[in-house]
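Order as written gives the chain letters A, B, C and D; numbering starts at 1 within each chain.
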Amino acid sequence: MSVTLEDARRVIAAAEKRADEIGQPMNIAVVDAGGNLVAHVRQDGAWIGSVNISINKAWTSKAFDIQTKDLGDNAQPNQQFYGIHATNGGKVAIFAGGVPLSRDGVVIGAVGVSGGSGEQDQTVAEAGAAAF
Amino acid sequence: MSVTLEDARRVIAAAEKRADEIGQPMNIAVVDAGGNLVAHVRQDGAWIGSVNISINKAWTSKAFDIQTKDLGDNAQPNQQFYGIHATNGGKVAIFAGGVPLSRDGVVIGAVGVSGGSGEQDQTVAEAGAAAF
Amino acid sequence: MSVTLEDARRVIAAAEKRADEIGQPMNIAVVDAGGNLVAHVRQDGAWIGSVNISINKAWTSKAFDIQTKDLGDNAQPNQQFYGIHATNGGKVAIFAGGVPLSRDGVVIGAVGVSGGSGEQDQTVAEAGAAAF
Amino acid sequence: MSVTLEDARRVIAAAEKRADEIGQPMNIAVVDAGGNLVAHVRQDGAWIGSVNISINKAWTSKAFDIQTKDLGDNAQPNQQFYGIHATNGGKVAIFAGGVPLSRDGVVIGAVGVSGGSGEQDQTVAEAGAAAF
């Protein structure tokens, strides 16, 4: 059981709708149960530096079955996972915008969003996840 | 002047249609004039090792304004570009499946396809490019 | 619309002039709208470790359409983008010296400077950007 | 004793002149005695994939005090240096376009050119080196 391309498109469409509402173009990525990319879109005008970050947020969220903002709280200096951002070849994102996609209580994918403030990325990712 | 997300979706839709016709699930990626990813999809069942390859084929095709299969001909042992596959941090793909997207004679993006034989990747990429 | 080589040379000449005034040899790099390098110079005596940093500052400034010192403020521990320096393969520079190059309100390139203190890098980058 | 920025600019100017004559826009890079970048230019319209290659050709040419095309002859399958292109983090370029810069019989830098056929890259690099 994993995220399908149809699932990913539904998640991305909902995320794009939210990004349009707040007026901030975004990169949106969805990964499957294996952490592998299913789909990605960069809305016109969204930051090119956020392509990688959106994919990394989605990967991180599935890799640790957690929202990246919650992982981030534990990854600050003097916290229990400080330094985790340098592991896994630099793929671990520790700031808001990555949200797990679950079915029947099991995380089977994740969505990652990058292109605005942490708050903006988070609301767009949550809108995507809600459509799953 | 560069590929937009709407352009990328039209290219990907045409490529997906062709992949369905030949019965081989594919990864399809589109980059813009700067070589940066605009959109990617992995059809259900497509190889996970081809996520990276599809993106690299699209990048390579734009980076050198050439089809990756033509670059590949020049990148064989004893040919003029032998060794190019090891440059650019390993992003240079030298086998079929990457096709430039041009407007008014200028390459402003590219599509990269990976998931089948070289011949299959190429026909799907060409179908995508034809829709541009 | 993107930075040309002629633009880049004008920016670099102005930056070099400022570096000479403050007596600190610098690396100066300019990237285009896609984040790709257009030109780089290392003044005689400038740090070799700053070649990469000048290019990364220029890339970062275009990749996120922001001055690197402003990104840096948001990338400190407990701030919203803490950890961003580890993304994009380590290409994200989060200290002063990267400044966007804009035309008609659109960022179409950036200049990155490295070779002195943060304050020195910043004043040289600003002098370069002012000549754009 | 090493290549100065003034030297690099003279080499690059001569190389650009030759590139203009043959009508092929090029990336041109110069490194010093330590293999570190002194200057780089990408002429308008030159391949973005060649930024890295021009720098790598210059580095390789100084790193082994040899023209990259000569190194390439020794780096083909079944030759004595086969596999060298995968060393040094992928920085070793084994095709034409990298030429050492010598003074009094000592290699104190190198020029690397990328943007056309092997023959075109070589003639532009040689024109640059001749101006040293």
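Keep in mind that, in the parts below, contacts are C-beta pairs under 8 Å (C-beta built on N, C-alpha and C of every residue); 3 or more make two chains touch, one makes a residue touch a chain.
What you see is a predicted model, and the numbers here were worked out from it, not measured in a lab.
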Chain labels contacting subunit A and also subunit C: B
Selected interface, C-D versus B-D, where C-beta contact pairs are more numerous: B-D
Distance from the mean Cα position of subunit D to that of subunit A, given in whole angstrom: 41
Intercentroid distance (Cα basis), subunit C paired with subunit B, Å: 31
Distance between the centres, which are taken as Cα means, of subunit D and subunit B, whole angstrom: 28
Separation of mean Cα positions, subunit D and subunit C [Å, integer]: 25
Shared interface positions of subunit A, touching two or more other chains: 48
Chain contact graph, described as a line, ring, star, complete graph or other shape: other
Interchain contacts, given as pairs of chains that touch: A-B, A-C, B-C, B-D, C-D
Residue numbers on subunit B that touch subunit D, as the complex places them: 34-35, 59-60, 62-65, 77-78, 80-84, 86-90, 92
Contact footprint of subunit C on subunit A as seen in their complex: 47-50, 52-53, 56, 72, 75-77, 85-86, 90, 92-96, 117-119
Complex interface listing, subunit B residues touching subunit A: 4-5, 8, 34, 36-44, 48, 51
In the complex with subunit C, residue positions of subunit B that touch it: 32-36, 89
